[in-house]
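Down below are the structures I want you to see.
Paired with chain B in one complex and with chain C in the other, chain A is shared by the two complexes that follow.
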Partner chain A sequence: MTLIVRRAAYRTAMFVLALGLVVLIWETYKAVGPADGGKLLGVRILPRTSEYAMPHVWDMFQRFSRPEVRGSDRTVFSSVLAGAWYSFRLSVAGFVLGGAVGVGLAVLMARFKLVQRGVLPYLVVSQTVPLIALAPLVVSWGGKLEVGPFVWPRWLSASVLGAFLAFFPIAVGTLRGLAAAPAASVELMQSYAASWGKTLVKLKFPTAVPYMVPAFRLGASASVIGVVVAEISTGLKGGIGRLIIEYAREATGDPAKVYTAIFGAAALGLTMAGVVVAVDVFVMRNRPKESIS
Partner chain B sequence: MKKRSVRVAFAGIAALSLFVAACGGSDEAADEVTEETTAEATEEAAETCTTPTPVKLQLQWFIQAQFAGYFAAQDQGFYADQCLDVTIVEGGVDIVPQTELANGNVDFAISWVSKALASREAGANIVNIAQVFQRSGTLQVSFKDQNITKPEDFAGKKIGNWGYGNEFEIFAALTKAGLDPAKDVTLVQQQFDMVGLLSGDIDAAEAMTYNEYAQVLEAVNPDTGALYTADDFNVVSYEEAGVGMLQDAIWASGERLASDAAYADTAAKFVAASLQGWAFCRDNVEACRDIVLAKGSKLGASHQLWQMNEVNKLIWPAANGVGFIDEAAWTRTATLSQETKNLEGGTVLTKAPDAEAYTNDIVTKALDILAGLGVDTSGSAYAPIEVTLNEGGN
Partner chain C sequence: MSAVNIRNVSKAFNEGKSNQVDALRDVSLDVKQGEFVSLIGPSGCGKSTLLRLIANLLEPTSGEVSVNGKSAVQARLDQDYGMAFQQAGLFDWRTVRKNIELPLELKGWEKADRRARADEMLQLVKLPEFGDHYPWQLSGGMQQRIAIARALAAHPPLLLMDEPVGALDEMTREYMQGELLRICAATGTTVVFVTHSIPEAVYLSNRVVVMSPRPGRITKVVDVALGGERSEDTRNRTAFFEAITAVREGLRGMHAAHVGLGNDDR
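Right after this comes the complex of A and B.
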């Protein structure tokens, strides 16, 4: 136990140290870098150090405590927090949706080689469609969808776009995992006359877990990206993506403010990945260390 | 060992269902901008009408004073008075109001005339039913020392433009001044803020009177430590240069106008109540700022007041009555859209828009309704207020 605690403390220390290093590099460059940036053959290769291009780190953090608009008692911090929480819930919805579709597809592809050969190339192609081209379409389709009492809420479009990015790594990772069961074990199951479904549940899924966890982690951060980009693209109110453009519009007068929303988005991505890791640790707590490859 | 693996698998499934449960929680998270207010409005109207007609209006962008008239009409119950239940849908970076309207997702949309005409030429059957902004609010802003006071002075300068169809007034002005956009100026793609101008990447930046121009006046001049003032800049107004193109107008579905008498009736009521909202904002500038702020705009109070005031200047006075489509301005916009070539040699329109692209029937009916209510629809006595901007627009 103490080993785990010590390792966690070490990791936290390294994380803080790395952050400190980034701040140090930022501020050092701002202090010594050329004010108008460096140009080589007319192409700017070094960024400017002006307040517009690189606000002081402490200015960014100071913005957190300011009221969002003058006279309101709502600070930028509480706005960013509320935005991140809203986007987090959309990302979780997108992640669950993407996870279900991804795992479902992987099982289908593992079961039927024909499906795998037919579907897999399309999965790859699907990821080359730019999200911002898709976003207005999804909003538009969603706006038309009305099945009985169910009316497509606008936030669902953002979640669907999150799912669209999340399902791909999950499908591919799970598919690889399902194929990873040792041949000897598969033969053993066959010798028991175990059905395909039984083999899937008792053997293939458990052996797939070490492949699925990193895939889910990728899917989680992909879902966050999908949701944030969709929020920016469709102007969905309430989330961190919307805050980023709202604050970016004030960049002329207050260049440091937009960074608060960007920090919020970064924290959101880290939280999502953290949740997946926590679930992983919880699920794997009884598994002997050596069996995790 | 095997048993454990199974437990792991089940725990995984359990964890997934936990996520599903968490997802269920976000159902309540959907917060529609207008829900509460429309509910309120419906209540007020309950005395005069039993079932208000639901109407959806698509904006071009987020909530800001540029759309104050519609929010005021909602807030002051003008829509409810006309027995309408209006939901105002905000725009986004990739949301095209004309497309939303043509798709039938919304009933009415706000759009610039040239862009909407391009959509119409591409097959979207949409019709201009009220020209809310009578004048163009586009400027080209530059520092005094650049000496750019008219389009002729653009020669040899770095001219910022937004692209996406927002650049045609610049090209029209260049053409009119006898300059070749490809050779005589350097065109620079401009971000939606004014940092490019302030840091010297752009000599003259494109700006709306009601938004970007205010942004530079809210920024601190590093040389003096105080805010920039109007004296630091030269401004070229495209309206004054004779190449102004019509901007914010209310568009409706041409198909439904022709086939659906109830929709045409709703359109007249909707336009009437919207214009009543704009008249309210003309006479109550600060109240309209507060309405916009209360809707959750993130831009500061002084910025919104500035925007409200500048938008009023684009609408009032309206000689023919607010919303009336002036044939001369319409023709000028259409002609400029056909004749002005951008860098790629393209024009907004390839041929003149057909006669059905706009109608004054709806707005005439609407103005009649407003005359009955005693609303001043010409604003001949309109005088703008003086607005002091604070740092960052707060």
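Right after this comes the complex of A and C.
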């Protein structure tokens, strides 16, 4: 346990250090770089460092505590927090949906070689479809869907798009994990005359866990990206994605504002990944320590 | 009724293809109830294949295998045997006790019964205080004893072992051999045991079956006249050395015929 704590402390320290380094580079360049950008061999490649293009880091953070619009008593912080919380819930829904589909597909592919050969290439292809092209389609399909009392809510489209990005790493990672059981263990289960389902539950899933955890971590951040992009491209209100667009429009007059929303989105992604890491530490607590990645 | 009956069994891999391998050809063997039989021979002689045929993890190409008077398939479905391999193969995510309970779980035993039997097994292998440990916290020898406890948990009449102590150091190995004899005497289990080691085969067995490769077949069966009671002193008795010589001659006779294979039986 102390090992885990020490490792966690070390990682946190490294994270803070890396963050500090980024701030340092940003502010250093802002201090020494040309205000109107620079040309190199006649091509403009050096970014501008004016207040509009590169606000100070402390200005970005100060912006959190000031009102969202002039005269309002609602601060940017509370707006960003509300937006992030809304998007977080959509991301969790997308992650759960993507996880269920991903694991389900992996089990099917592990069970039937034919399914694996038929489906796996399409899964790879599916990830090359740009999300922005897919978003309006999902919205319009969802809008037409009405099963009994169930009416497709607008937010579900964003979650579905999150799931669309999340399921892929989960399916591939789980599939690899299910194939990772040592031959001797498979033989052992055979010698017990254990059914395929029993072997899956008692042997294959437990051996797959170390493969599934990093896959779920990827899936969690993919789900956030999917939801944020879907919010932007479907015009869904209430989430952090929408906030980024809104604040970006004000960038000419209020350049620090958009960064608050970007920080909100980053914090959202980190929170999702953090939840998965916490689950990881919990499920792996009784495994040999070297298998903790 | 014999514990294991093997009649004219052959096993070929990649049958009918250019890379066909005759793992076993026309092997017959009868193992009596309560008998300890070792299969010995160089790599590729088919001793592990023969064990897997008895376990019904492989099907013979021709011939018949019966276990306790039933077909090998039926014996597997009825869990008439327990199996232990060279690697302990314990599940890392289960405690030692839960590992021993695995075959009982699959048989649908009640929780309390499983626990009671697991504790009984832990006593048998002399590791009663390790039930709540995880396998990776134990030494190799301890893990192997747990694997044997798991194989015996359902009290199968037959134990199939594929070099279960082969990966252990010499001292642990001899200790484990003694433990194995004690456990088998206590439970009356029939054992078919695959090994590379001549002294190990002789020390443990009532009969040592010498096998030769390409194709795998039985070349000699050595009766070990050491009686039922065996101890560390057994290793110094004349009959022990005589049996070792007999097995070695069996292996050597075959080596003379297969020049170049001489050194691959460790």
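Everything that follows uses one rule, which is that the second predicted complex is superposed on the first by the 277 of 293 C-alpha atoms of A that agree within 3 Å, B and C clash if a C-alpha of one lies under 4 Å from a C-alpha of the other, contacts with A are read in each partner's own complex, and residues count from 1 in each chain.
We adopt the following convention: a residue touches a chain if its C-beta (ideal position, glycine included) is under 8 Å from a C-beta of that chain, and two chains touch if they have at least 3 such contacts.
The shown structure was predicted, so the numbers you read here are calculated from the model rather than taken from an experiment.
A.B. asks: Could you tell me if A:V139 is touching chain B, chain C, both of them or neither one (first, second, both, neither)?
C.D. replies: The first partner, chain B, only.
A.B. asks: Which partner does A:E51 reach: the first (chain B), the second (chain C), both, or neither?
C.D. replies: first
A.B. asks: Between chain B and chain C, whom does A:T252 touch in the aligned arrangement: first, second, both, or neither?
C.D. replies: A:T252 sits against chain B, while chain C stays out of touch.
A.B. asks: Looking at the overlay, what does A:Q190 touch: chain B (first), chain C (second), both, or neither?
C.D. replies: After superposing on A, A:Q190 lies in contact with chain C but is clear of chain B.
A.B. asks: With both complexes overlaid on chain A, does A:R287 touch chain B (first), chain C (second), both or neither?
C.D. replies: Both partners.
A.B. asks: Tell me which partner A:T234 touches in the superposition: chain B (first), chain C (second), both or neither.
C.D. replies: A:T234: touches chain B, not chain C.
A.B. asks: Have a look at where A:P182 lands relative to chain B and chain C in the superposition and call it first, second, both or neither.
C.D. replies: second
A.B. asks: Go through the superposed model and pick first if A:F168 touches only chain B, second if only chain C, both, or neither.
C.D. replies: Neither partner.
A.B. asks: Using the superposition described at the top, determine whether chain B or chain C touches more residues of chain A.
C.D. replies: B
A.B. asks: Kindly classify A:P206 by the partners it touches after superposition: chain B alone (first), chain C alone (second), both, or neither?
C.D. replies: both
A.B. asks: Once the two structures are superposed, pull the chain A residues common to the chain B and chain C interfaces.
C.D. replies: The overlap between the chain B and chain C interfaces on chain A comprises residues 202-203, 206, 209, 286-287.
A.B. asks: Quick check on the complex: what are the chain B residues that touch chain A?
C.D. replies: Against chain A, chain B makes touches at 2, 4-9, 11-12, 15-16, 19-20, 22-23, 25-27, 29-33, 61-62, 90-96, 99-100, 103-105, 192-195, 198-199, 212, 215-216, 218-220, 222, 293, 296, 298-302, 390-394.
A.B. asks: In the complex formed with chain C, which residues of chain A make contact?
C.D. replies: So the residues of chain A touching chain C come out as 182, 184-185, 187-188, 190-194, 198, 202-203, 206, 209, 286-288, 291.
A.B. asks: Name, in rising order, each residue of chain A that touches chain B in their complex.
C.D. replies: Per the stated touch rule, the residues are 48, 50-53, 68-71, 86, 89-90, 92-93, 95-97, 99-100, 132, 135-136, 139-140, 143-144, 153-155, 159, 201-203, 205-207, 209, 212, 232-238, 243, 245-255, 257, 279, 282-284, 286-287.
A.B. asks: Touching chain A in the complex: which residues of chain C?
C.D. replies: Touching chain A from chain C are residues 52, 55, 57, 76-77, 79, 81, 83, 85, 87, 89, 91-93, 95, 102-103, 105-106, 134, 136.
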